[in-house]
Structures are given as structure tokens and as C-alpha cells.
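Shared between the two complexes below is chain A, which pairs with chain B and chain C, respectively.
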Partner chain A sequence: MSRANGFEPKILAYVCNWCTYLGADLAGTARLEYPPNVRILRLPCTGRIDANLVVKAFEMGADAVLVSGCHPGDCHYTAGNYHARRRWMFFRALLETIGFDPRRLHFTWISAAEGKKFQQVITEITEQARALGPYRPYEAKPCVERPRPLATPPPAEDFAAAGQELRQTAARLLNEGTVKVVIGHGERGPVFVTRAEDAGNLVWNANCLSNLAVYLKRKEVRELGTPAVVVKGCDERALLMLEKESQLEREGVHVIGMACGGMGRAKCAACDTPRPRFADETIGGERAPRDGDRYAALEPILAMSAEERLSYWTAQFDRCVKCYACRQACPMCYCERCLADKNRPQAIATSAHRMGNFAWHISRAMHLAGRCVGCDECARACPAGIDLRLLNLAVARVAEREFGYRAGMDRDAEPPVGAFAAADKEDFIG
Partner chain B sequence: MARIGVFICWCGENIARTVDVARVTAACREMAGVRCAEHYKYMCSDPGQSLVREKIASEKLDGVVVASCSPHMHLKTFRRAAAGAGLNPYLLEMANIREQCSWVHQDRDRATEKATDIVRISVAKVKRDRALTPIRVPVTRRALVIGGGVAGIQASLDVADAGYDVVLVEREPSIGGKMAGLSETFPTLDCSQCILTPRMVEAGQHPRIKLYSYSEVEAVEGFIGNFTVTIRRKARYVDMDKCTGCGECQKVCPLKRNLSEFDFGMGMRPAIYIPFAQAVPAKPVIDKAVCAKIIRNGCGLCEKKCAPGAINFQDEDRLVEEKVGAVVVATGYQLYSIGREQASARLHGYGEYGYGKYKDVIDSLQFERLVSASGPTNGELKRPSDGKTPQSVVFISCVGSRDNAKGLAYCSKICCMYTAKHTMLYKHKVHGGQAHVFYMDIRAGGKNYEEFVRRAIEQDGAMYYRGRVSKVTEENGKLLVRGADTLAGVPVTIEADMVVLAAAMRPADGVEALAQKLNIGYDENGFLLESHPKLRPVETNTAGVLVCGACQAPKDIPESVAQASAAASKVAITFAADELTREPEIAHINEQTCAACFACVRTCPYHAVEKAEIRARSGALIKRTARVNQGLCMGCGTCVAVCPSKSADIEGFTEQEIYAMVEALA
Partner chain C sequence: MSAALSQEALRALADGWIKSGRKVIGPVEAQPGRIVFKPLGSGAALYLGAWAPTVNSIKEAVLPRHEKLYSYRIHKDGIQLMDEPEAAGETIVIAAHPCQAAALPVLDKVFNWDLADEFYNRRRAALSVVTLACSSYDDHCFCTSVGLGPASEKGSDAMLYETGGEFVARTFTAKGRALFGDAAEEAPPQHDGPPVRFRAARAREFARKEFDSPFWREHSLACLGCGVCAYVCPACHCFDIVDERRGDEGFRARNWDACQFPMFTLHASGHNPRQRQGDRQRQRIYHKFGVYPEKFGEILCTGCGACARNCPAGLGVLPMVTEIPDAEPLQA
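Our next item is the complex of A and B:
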């Protein structure tokens, strides 16, 4: 790109084939001049455009990105633009949390008749990008300061009695032959008890943090036969989601619910499912739900300026070594081949450098939009101590505030991503 | 190494004036994988296309980029040219350096630079392009027509006469629709039944038309050329094969005082009834809601009387399946319900007009029955309350139409005309009577339409008042109609014997549910959406599903018939080919990596992604996967965006191609 007259911004426009692309053609036919900084990529529909493509554009040095398609009701494919609009709501919240400059990402509806609008939009975006200067989000200075962790209530439980009952239950289930394996917590991590006499290996204490639902998907566990799984109220939400996403047949699993008064994690402060709701049997009595703000952890982040947020996350992601522990610990990450492991194309760079790390964590959070059950395992598993739950909270908050949806709470509720409403919010679309 | 050829067009001066084509050509020659780059004055001309073809052959090109105008202009042209030289047409891409570059920029240097980038993007893409072949889909040459009104009858007859089988589904006991109940039709005043009933008989007897009356479409699966339709044949309690249509059962039925649906409640019918004399099929049906035998095992007189033994009180709904290649929707309309319960909270009704309260306030379809020779009064105009001949009748237009506040925003289009017709029919029956019309505007666009309205006013003396009616009340046996004459600027009060309300046209009940079964769109009023209002007026966004008649928008008989014939011709076009070919730029699923989360299944606007199972030879389930139905997929790519592992992808816009394009801009 010519730099003869100083800085010339690089604008990338992802446009749909049927409306905006034809709008751009009309601008040409009508000889409506606009700055030559834009490079237009023609795609069938805005429904085809995902967050990864936008991230890729920034990786390639775009100073601004435009996503544009048909006006609501005009989609050539009836609803692609509605689906896109819904996804962008989550994506924008995520980018805001990470500290990407919202002035660099534009959404518009431009019809085939709106050559004039195309001219205006491109001119405005270019002029704005020129005024803002080059966009180098990947060159942000890492900031070492971290938001203060939230104070969390310590566990105050009578673990002993419940533990005893759990061991008896497990022994009974195995003796009866109801299940072939009991997946539970052991002294040093999960245990897979296949014989009644080994039920003593099961423990129930303040260290029983992990979400054991994740093991139900593992091939080697499945081969053991019908499982029983020990879940807390929070873990159980993952079971509901797995069932919803056809990963699990509920009747094929025996669920042992554990009433839990909090394990001292941040999420426990706002726990409203202290007692599993759909378990086959539940150990422990009623526990009082807690009414803390589920999204309180986001406040310190959102209180920062966009630059501070970006430098905060730059510091965080710089520590990421791409070990994918977050992926392994997540009960909702069950793809047979993860996008991060695919190289044709390489949507997410494999090596643990800053760009690839941003792409990975953005991609992961987007994949969990409307799906994350808030079990917090990603953050707990991260050896670099990155508080990944914040990214998930950012998208979960959109699901709850805009669509009244919380993953894993209601068996019949329709997930917000993959659905749309004609009246969805579009105040961010020009 | 790829062997790409780049062909840069001057488009005369159109491109060459602002883009230095020679410089772009030189830059292209430097791009990796580019075997040759040429520029020419008119690439779309014969010599230009020859140049492309020659180079494909001589340089053994395996990919071509033509940098010229918009792909919407010439992609097909150049793909044909490439195919002519033996190159798979999907290995040719266009770089739009005219509409999106030379025509919108002045700075020659920067336009040249941009044009080079645009070509670079296209080169990056064409390298990853895959040779594709159009998808071939077999065609079942058989059409389903839903709705047996005049539009459905016309469409059925046209398709059948073109030589293809038709399945005609009508939910009422007889075909004929609303038109069968009309008295005379504008602007010729020819008798509606005289023109329609021969067509009904023709449709009923046509060897290629299979008629399912008293039946509804239960479910639709499949795609163009290959639909499977489940039809619910509602229990009729009369064996259609045995029944001779003699009508003896109607005579003996003791329960004679049921409001006739065909007469819109103006007349009565027995519990077992043939809806009207000319019905097709002319066989009765038992109203199970009133029949004493069905309700409490009483009566049963009709069964005893029926000589052929056609009555079957044990009859039940039956589901039948039909395979068809195209679907024509002709479900028609209903009138806006004026005073009664409303279909949605948005509609308010017009209680002030006294409809439902005063017997002599009726709607326009009821009036049609009162003046029809086949109607409950045998064509003699008698008002419902006391059977007297009304000496003064007020007609009110736009009841529900063009009213954002209480009714519907749109114009129902036919009311001006039929109201003029009503005044004439009235005048012809009651020579001394006076017709009064309250109207907003008179919309009489159409052949002989305006003349017709003038005749109503000038020859038949109808009084027209431009204004609305505020209230209808009853005093001393007269209906007092209070309105305004806004042209004279005075309030008007008319003592009427009868009031006729020209209620708005709304889509028939249940059309939205049907649209969902067919996966076609409908607007906020429930009218079915055409694919393009100008150029594809009878097609929908689901290939193979067509619309005609008043289910698409309010329209009169000639328009409905014209549209029905248009839909029929689209059906015939679909059936003319041995098999359908579709663009191969559609989605596919990598079943190896699909994790079966089925996000795509939920998201696909066309329900084209299905849940599938991969099983071993032993029958054991190996894995589940999503699978694209090639007949249904339209290639929007929404599935790709929601697929977390990108196991979904679309040909022509693959992940690899798009990323290569973005990376080419680094």
C-alpha cells in the first residue's frame, strides 16, 4: 500500500455476494468515488463470516475491518444475516473485554441498491482509520498488573458424612451391577472405580473441584461400560449441555449428585445450584443458594480503559504456552479434531506466540458462547494462571442479559447461538 | 507448482484509463504460481475469450483469473469459455477491477496498486479452487397443489395438461374455494359458478389429477424434484367409492339447522351434507361435531337410508404419503374478522359497525351468498333479520384495510371493485332501492375496471361518499349509519336496511404453519413471500416450492389465474429436464472430524443438514455425524460459521480459499 502521502490505512471488507457486493458494484456503475484503501472479499453471506476471519484480518495488518450484508428480511438465504447479527453480539462483547478497539470493526447492512451508502461507509471508515493511525493490537505493551481476585467464602461443609454415603452408594451401584464404573474424586485427582471393594478410593472434600463430566466423553472411559458420575450442582450443568448437544444419552449415565455448600472458588459466591437438580440420587441435604453477582469478576476488567485491557490480556496471553490444558479440562470442548489442530487452513497459529494465542483464546470463547456452563475448569487447569473464566463470563453475560439464557440451566431452553429473532438488537450495525 | 493464467481486461478505456494494465500484468507475472499474464482490450469479446482458451491449452493452465468486471456480469461467460478449452469452469475466478476499482478511483497509481491486490487475492483463491461438477438430482415428475380454489384449480389443470401428474389437496369437502360462492364477477358480471364449475368438474375428472378433498398437508420432507408429502385425509364418514352422490342422506338427516360454511352462515345445512349442489366431489361429509350418531350413538338414519351402504361411522383420519417433485401453494384468503375475536393482539376489529350485534350488518362474502342464484334465498335479496327486501343498503369499504391503528396497513385491492359490483347487483335486484358507499379512495386499476365503477355510479345510481363511517346503530328497525362526506365537508347519517362491510383480505388460517412445513417465508401479515417481487414472483426461496393466488398477496380472479398459470409453467420447466442440475457450490461435512454437536442442524436456514449415523457392517453404531442434503443446501455457509471444528465447509468459498485470500493481503 502506498505510503507516499503518509499513513494509508488498510481496510478489509467481508461482504455478502448478494447485497453489499452488488451495492459496491452499483457504486462503480454510478461512478461514486471512494478511497482506494479497501479490499473487498466476496463471501456468499454474512452468515458465513465467523470471528476467526475477523481476527485473521487483524493479524494480517488490517487497520479496520468491515462486515456487511443484506438488510434484515432481505437475506438471499432468508436468515444468514440474522444468525450473523446474533453472533456479532457475543463477539463484540468479547472484543470489548479483551480491549480490541471497537472503532476498528464495523458492521453495516448495505443493499444492492445502496451504492451511495457503500461509498459513504467506505469513506467514513477509511477517514476514521486514517485519523486513528495504524492499528497494531499485537504490539501492545504487556501490563503486569492484574485485577485483584475476588474474596470467596471458604468451604464450610461436613464432608465426612457425605463422603461415607458416597462410598456406600458407589459400592452398592457396582454390586447391583447398575453401573460398571463410578467416576469420582480421589485423593490425587479423578478415580475410576470399577470394583465395589475399591469404593474406598472415593473421597469427598474441599479439593473435589474438578468437573468430572469431562471424562464421560473419553473413549477409554466409555469402554469401561455404563458409568456413574459424581457431580456437584455446577458440574451437572455440563451434563445437561452434553445431552442437549447429542453427546450424551442421559439414561446411559447414573448421576450421583453431591449437595455442595461452596468449594471456595470465585464461582461459588454466586452459586444458585448448590444441589444438583436432575441427579438419579443426591447425597446431602438442602443448601442455601448464594445470590452473588455472577459477573462481578468482570467489573475490574471493564473498569479499565480499552488500552489497559489490551495490555492486561497481552500480558496474560504472553504467558500462554498453548498446552491446551484449558481445552482438555473443558467439558464442552469435545471436538474430535480441534480447529487449533487443523492446518488447512491454519486458522489459529500453532506456536505459542502472541498472535496465535489471541486467536486461540478468542476462538475458544466464541465456541463457548451460549455453551459455557461456568465450571471454571479452564482457569483452574491453566498452568500459566490465566484467568480464562473472564472471557467466558463476557460471552455468558450476553447470553443471560440479552436472551435470558444460561447454559445448562434449562433442559428445553433454546440456545441463543444458532437461533435468532427478527427483533434482535442491532444498534451496533450501521 | 500451480499453473495460473491471469487475463487483464482494459474494458476499452473503462479499466485502462485509471488502471495501468501493463503494470498489473507485470506484477502478476511475479506472483508465485502464475504461468502467464496477458492484457487485452476486450477480454469478453470473441478474440479475448479465444486468447483465454488458447493460453489454457498452450500453457496447460490449471487455474485462470480474469481481471475485468464484476463476476455478476461475466463469471458465467468466462467459465463457459474455460470449459470450452477443457478447463473445469470452477477453476476460473474473476477479479473485479472495474466496478470495484477503476470506476471508483481517480488516482492512477493507487488504483493500479489496488487492482494488483485484487488480482493477487483471486490468484490466491484460484490456487485452492477445486474442480467441481454440477450436482445432478433426479426429478419426480409429479406436482402437489395445495388449495383447490380458482388458483389451485388453474395450476392443477395447467400442469396436468402439460402432461404431468398432479396431486391436488383441498381441506374443505369440495374444491372451488371462495370463488365458488361468489355471485357475479367484476367487471363483466358473468356468473361466477358458470365459469368456475366446469373447471372444477374438469379438475375432478382429469385423468392426471388425483384429488384429495377434505384433506390437509401434514408434513413435507425432501427437496426440489424429491419431496415426500404426508397428507391427512380427514374422516369423512362416507365411503367415497361406494357413494353415488344421490343426496338421500341429506334429506333424512334430522339435524338440519347447522350454519352452512359455504353460505358463510347465511344458510343452513344438515349434519350430513354436500356443501353445495355443484360440489366436486359431489359427495357428502358428516359433521362429526353435530352428528347424533357420532356424538351419542343415536339416530343413524342416513346409514339406514343409504342404499349403497356408503356411510361408515367408524371412519378415522388416515395419513397417506405422496412423492412429488414440485409444490404449488394456493391456499387463498379469508376475510378479516370484523367484530369477533382477532387473530392477533395487533388487530382490534370494528365493534362500532355492529357486526355480530345487528343481524343486518354482514360482510361482503355473506352478501355474495344473499344475491347468488345458488344462495340460501335463491338469489332473491332478503335481509337476514326479517327477510324483508332492503330498500337502502350502505356499503363500507376498507374495513380493516389501510388502517395502521386498528387493522392492516395494506390495501386489499379488490374491495373497491366488488363493492361497485355489489351496488350494481343490488340495484338489479331491487330496482327502487338505493345503494350508498363510503370509501377512502377508489382504486380501479385494471382492464375495464374504472369504467365499471363509473357505470355503478352513473347508470345504477350508487351514492358514493368519500369518508369513513364512525358508527352504526339500530333505531326503530333501521340501521343508522353515521359517517362523513369529506368532499362536501358535511356529516352524513343514512337510514339503512342493511349494511355490508368490505372486510380486508387476510391469508387463510393455518398458512403460517404450512409455510413452516415447506420452509418458505411469510411477511408480518402472513402472506407468503415470493423469491423476488419483480423477477421471481411465483417462486419462493425454497427451490421447487411455488406460490400463486391470494396466499401471496390480495388479488382478484384474473391475477390469481395468471399467477397460477405462471406457477404451473415453472413446474413444467422443472419437469422438462431428465434430471435437475444444481450449482455445486454447497456445503459438505467432513464426517471424520464432525463431533455431532449438530449446531449446524439447528442453524441451517434450509434444514438442509441432517443427523446421520455411520454404522459398521454388523449394524453397530460407529459414530454420529451431520450430513448435508445436497438437494436442499443453497450454499450460504452459515453452517461453516457455527461449526467449531470447521468440519463443515462450502465449495467455492472453502476455509482454505478464504484464508488464502486474506493472507494474500498481508
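Our next item is the complex of A and C:
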């Protein structure tokens, strides 16, 4: 019927140079017929396929996307396909959370000898895409937004005594010469105390939300000399990650931990690190960890249909003004030059239009896969009120459920992205 | 129409404008306590509750965050350029605070300085602004420090004044009269607005004379380098021109840009004349209080306080300027 309407799906196949491309070649030389709907893009290896390329394909009007490479054990580069498989787990979960149609995304292993399989896969994908009809994810109607409830107020906490101790600690560290600057919270926002007599500028109250770990990487701050940084249990996870990624010399930073009974943010309801674990000194006694469901916020989203999810995120992303506050407030976004700022080639449109905004938020969530420590600074910083933490949660949930990994919890645990296991799940691979 | 309007009457008026095909932009409570300017689907969505600042500004009505300028198609015989269809027709902003409207005459100058910006001018000509005089202020407001006030008429075509739950309208321009007819002559007594919090002349003098002062870097350490301040500001108007191309087709667009991004002044050579975040913060203050007034006779800031209210690191014009050591301190 679709054929009668003139609809011919466009399939974009990202294939590896060594296996699937040769498989396609074999299909050709063996005169095996397959639908001409597929456009083949050859890359050195599936390990090279960035999530952004798949997003790009949909931007350009693909109705389905195929990623195909060598069978496990056959990779020309030893392990590129394993890396691709691992990344795909995160990417699929992310795209599903956003509401992209998973039936449009295909992953297969096709070897150089499998011309027949190439023919079958392309035929099947084309038939399915034809049956599904044209794919227009960027034309979704934004949903009517319902006001979200405010975060719960923080529990009564004895901020005063801890604040006093914090100021004394800062003055002592500066007087002793242990550190040159104390990065802490002030009345209005982050403060950088360089003289003991200014330690009074430090405060400890329910507005101390910033994750100050973000400043440890800044050139201007580094120039001030050895820093002390004030962290809550959640902020400290970023320090662990920075250290793990060789961005921070732990010995070069004096960490002042603050026990925290919750700041009234959504993340606080499931906080199991109320007291920093690795600080050089910690102010405040034990606090009871909370055992809320860390991923509870995802439930209402995942309960929606894919169309509803897409419509929800369309409304969210349509508000994005590309101010990059999410990136700038993120302790894990430390690249000297962000992918979004590169223009040769322009990987992500700089325009704050719908496609540019989808591409940006998908890329950012993928770059934080297995790295996001859940401090929610991106969501707090966003002037458009986009609940960015949901994207990060969707990806973090894969890390925890599939690999038992939570970023910034265990200094020695192997990160789930950038690693692989031969036994990784591949129920999504054809 | 000299009688006071009830809330219902005002909403009905907005409904009438919407029904007549005009785009009506007004404050909406998007989330509890979070008021944003949005195109209204109906007058019912209009936020008319207690005084509250808005997150974003009305500048989007004249300078959208992303605006196509023209599109092109490459043929084998050459390049075909196509104008974008005319921008949205008549637009009415309703119930914006006066600090929002006051930015428009300021913007008019820069968009008609060496070149008349047809894209801006087209939207501006189609725009009517109905402000709502402020009945309160918060700690971030400082309109009185930049020569404005809670009922400044600058940039407004008409203004609503809330008295006892009803709204009295006054009109200042033909556009305003077209919306409200013969409105009230006299403004009801008004709120005094926030206290004067700094001297704008001092900010200008300091930025000019103390250009190389360590003050700027010391007070900018917390700056994250995002674009929130510029993007919520009703007066910030910097933009970037980009081309987006797909195959043989593409378009040229202008997108908002912000001086706090390191990329903003990065040269192709790799040199960056504003190396540090402090240099970029200085630029923001100096442009608003020094460069712009010298060139156009107007401060490029209306004291709305949106920058500081929305800054994730607690910076902004007021926090920065009030830190400037003042030769003559203000009386408390």
C-alpha cells in the first residue's frame, strides 16, 4: 500500500570497512538483489560510530538506521565492535527515554562472507521501515506541559554550628599555609577565600547547592595556588571521577567535607552519600543515608508511550536557548573545546532550533554515560527549566543495572564505557 | 475605555487579540513560582497573580534566539538566494514589567546605527507593548539605579496599573490607543520601587579607568562562562551568524551569542583578546555602562535583575557593580 502511495523508506547503514562492507560487496558480486533504499556509509570500524552520527542520520531524513560490523572476535582492531556494542546499550536506553522509535534502529554483525545475510538484513529492515511509514521525529507536537511540583524543603539541619566550624577550618588552613584558597559557598554563590580574615564570607546553609568541584579545573582558580574545596557527599563523587580521569591530583587538593542532611533537591531523596567519604576533614556527624529509588523520577516518563515521550522532550528541548549553562555547571564537562563548539565539521548545529537542541542534549548525555555523578547542577543551572537530570538518570540506570557501576562511588571500579566484556549482552543485535 | 478592567475583562481583551490573528506574548506560570514569557494560547493562561519577576525577556519578540535570514540552493548554473517569508505578523506583549519595555528603545539604536536591520525593524514595527506597572520588587531589582522606575513609560505603548484587583490602562502611543481606545488620563499613585543601589556613573568611570584592575578577575572567579546572563537580559543583543547546509541547500541564520563564552572573541589565529573570565565579565559591565552610553547615550541595562536572579553562580550586573569600590558611598 505504501508503495502505491509512493513512499520509499531511506535506510542509512553505517558499516565497518572490514566485515560488513565486504559482506555488501560480496552480495553485489554474487548478484544478490536487495532493496536500493539503503545508503551505505563506510567507516573504519563500528567502534568509530559516534551516537551523534545516528542522530544526524535521523536529522537528514533517514527512516531507519543500521549499524553493522564484524562478529565478536573478528574485529580488525581487536575490540572496536565490543566497544560499539557496549555504547549501544547506553545509546538505546537514552533514545528510548527520549521517545525515538527503537524499531528504526538496527544493529547487526555481518562478516565479509555473509553476503546472503546482508541481503536478508537490508530486505527486512526496508520492509519494516516501509510498513512503519515515514519517520518524522522532529515534527512531533510538543506536549502541553503540566507544572511540576516544587522540590521538598530541606529538613531542619543544624547549619549554624557546622558553618562556624567551616569558617574556623578555612581560617586555620589559610593561616597554616596548607592552602592558598578555600573554594566555598558564600551568601550569594561560590566564593574564593584567599585570606584567613575573609573566612567569614563562607556560609553553610540550604542554598549551598553548587558543586564546587567544577572550579578545580578552571585556569583562573588554579592560578591562585593549592586549593581547599568544600564538598557535600554528592559533590565529592565528582572529585573521584576527576581523579579517575586524570584531571585532578588528589594530593594537590585539600577536601573539606560537609555532612549534609539534604538540600531539598530531588536527588536528595535517594542520597546514599550524605557524608563525604574521602575528605581530608569532615564537618558534621553521621547522617542517615536514604534509600529512595534513585531512578524514581524516570518512571512517569517510561510509563508514557514512545510518541508521548517524544512529545514531552520536544516541549522541553524547544525551550533550550543553547546558553550551555548545563555544560558549564557540570564538573565532568571539562573539555578545553567542546564538541558543540567545533565547526569543522559542525557536528552539532549551534542554532537553538529543535534539531540542534536534540542533538546537543543527546550528545551531552552520551558523553556523560558512566561519568555523570548525578549532582544535577545542569538541571539547576538551566534557565529554561529543562529537567536534564532525567536524561542522565536514563543513562546512569544502564550503568547500574547492567554493570553495577555508579560514577564516583568507587575509586577502583572499572568504568562501563571505554571498557567491554566478551560476554556483554547483545539481545538487541541481529 | 476609561473604566478599570477586571482580570476577566483583561483576559477577554487578550482573547480578542488572539482571535483576531495576532500573536500575544505574556507571562505564564510554567512551573510553580516560575514565570516565563510565552505566546498565549488564550487569555486564561496569562499570569496576573502577585508581583513576580519573569525568567526570560521580551526581546525574543524582536530578536529571536534563532532567526533565518535567507536560504539558498546551489544549482549547476549558480546559486539561488531566497528571502525568508515575512516574520510573524502583528505581535502584542502584555503585562510585561516596565524594565522589559524600556530595553526596546535602547535596542532600536544599535539596530539602526550604521545599518537599518530590516529583520529587527520588521518585528519591531509589528510589536505593541502593554506593560504592567510594578507593585513590588525583590532584592535583585535595581531599575531606580539606572534611571528607570516601577512605572517607567519608556518603550511602552500602553501601561496597566493594578488598583484593588482591577487594571487601569493608560496609553502613550498610537499603537497603545489602537488597543485600548481613549484610556485613563492620570496614572494612579505608584509604588516607589527598589532603593537606589549604586551609581551608574561610578560603574562607567570605574570600568573605564580601572580597565586593568585585578578587581575584574577577583570578582569573576565564580563565573562559569555560560550564556544565562546574556540570554535572559532584555538588553543584551549580540548575535552570531551561522550557515547550515544540507547537500545543495542551506540557510543563513543569526543566533544569540554571549560575551561570557570564551569562543565569543576567539580569533581564527588562536589568539583571544579576552583571555580570562574576568576580562569577559568586565566587558559585560563596561559595554552596558561605558561603551553603549558613550555611543548611544543610553545605559544598556534596565535594572530588571534577571542576570543575577538566574545566574547559577550568583553573579550578574548588580552583584558585580555593587562590589565596585565607590568614591562616594551611597547613603544607606
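Here, the second predicted complex is superposed on the first by the 417 of 430 C-alpha atoms of A that agree within 3 Å, B and C clash if a C-alpha of one lies under 4 Å from a C-alpha of the other, contacts with A are read in each partner's own complex, and residues count from 1 in each chain.
The rule is short, and it goes like this: contacts are C-beta pairs under 8 Å (C-beta built on N, C-alpha and C of every residue); 3 or more make two chains touch, one makes a residue touch a chain.
In this text the structure is predicted, and so the values were computed from the model without any measurement.
**Student:** Quick one: is A:S210 in contact with chain B, with chain C, with both, or with neither? Answer first, second, both or neither.
**Tutor:** So A:S210 only meets chain C here.
**Student:** Quick one: classify A:V321 as touching chain B (first), chain C (second), both or neither.
**Tutor:** Only chain C; A:V321 stays clear of chain B.
**Student:** Name the contact category of A:L132: first (chain B only), second (chain C only), both, or neither.
**Tutor:** In the superposition, A:L132 contacts neither chain B nor chain C.
**Student:** If you stack the two complexes on chain A, which partner ends up touching A:L22: first (chain B), second (chain C), both, or neither?
**Tutor:** After superposing on A, A:L22 lies in contact with chain B but is clear of chain C.
**Student:** Which partner, once the models are overlaid, touches more of chain A's residues, chain C or chain B?
**Tutor:** Result: the larger residue contact count on chain A belongs to B.
**Student:** Pick one for A:P190: touches chain B only (first), chain C only (second), both, or neither.
**Tutor:** second
**Student:** One more residue to check, A:C335. First (chain B), second (chain C), both or neither?
**Tutor:** first
**Student:** Now for A:A306: first (chain B), second (chain C), both, or neither, which partner does it touch?
**Tutor:** neither
**Student:** Between chain B (first) and chain C (second), which, if any, makes contact with A:A419: first, second, both or neither?
**Tutor:** first
**Student:** Tell me which partner A:M60 touches in the superposition: chain B (first), chain C (second), both or neither.
**Tutor:** It touches chain B and chain C both.
**Student:** Return the residues of chain A at which the contacts from chain B and from chain C coincide.
**Tutor:** 60, 346
**Student:** Which part of chain B faces chain A closely enough to touch in the complex?
**Tutor:** Chain B reaches chain A through residues 70-72, 96, 98-101, 103-107, 109-111, 113-114, 117-118, 121, 521, 541, 585, 592-599, 602-603, 605-606, 611, 624, 634-638, 640-642, 644-647, 650, 652-653, 655-656, 658-663, 665-666.
**Student:** For chain A, which residues are in contact with chain B within the complex?
**Tutor:** Listed in rising order, the residues of chain A that touch chain B are 1-2, 4, 10, 12, 21-22, 24-29, 31-34, 36, 39-45, 47-50, 53, 56-57, 60-62, 75-80, 83-84, 87, 119, 245-247, 334-339, 342, 344-347, 367, 415, 417-419.
**Student:** Per the contact definition, I'd like the list of chain A residues that touch chain C in the complex.
**Tutor:** Going by the criterion above, the answer is residues 60, 145, 147-150, 186, 188-192, 210, 214-215, 218-221, 224, 321-325, 327-329, 341, 346, 349-353, 356, 377, 380-381, 383, 385.
**Student:** Spell out the part of chain C that touches chain A in their complex, as residue ranges.
**Tutor:** 29-34, 36, 55-56, 65-66, 217, 220-222, 224-228, 230-232, 240, 242, 244, 246, 253, 255-256, 258, 261, 263, 276-278, 310-315, 319
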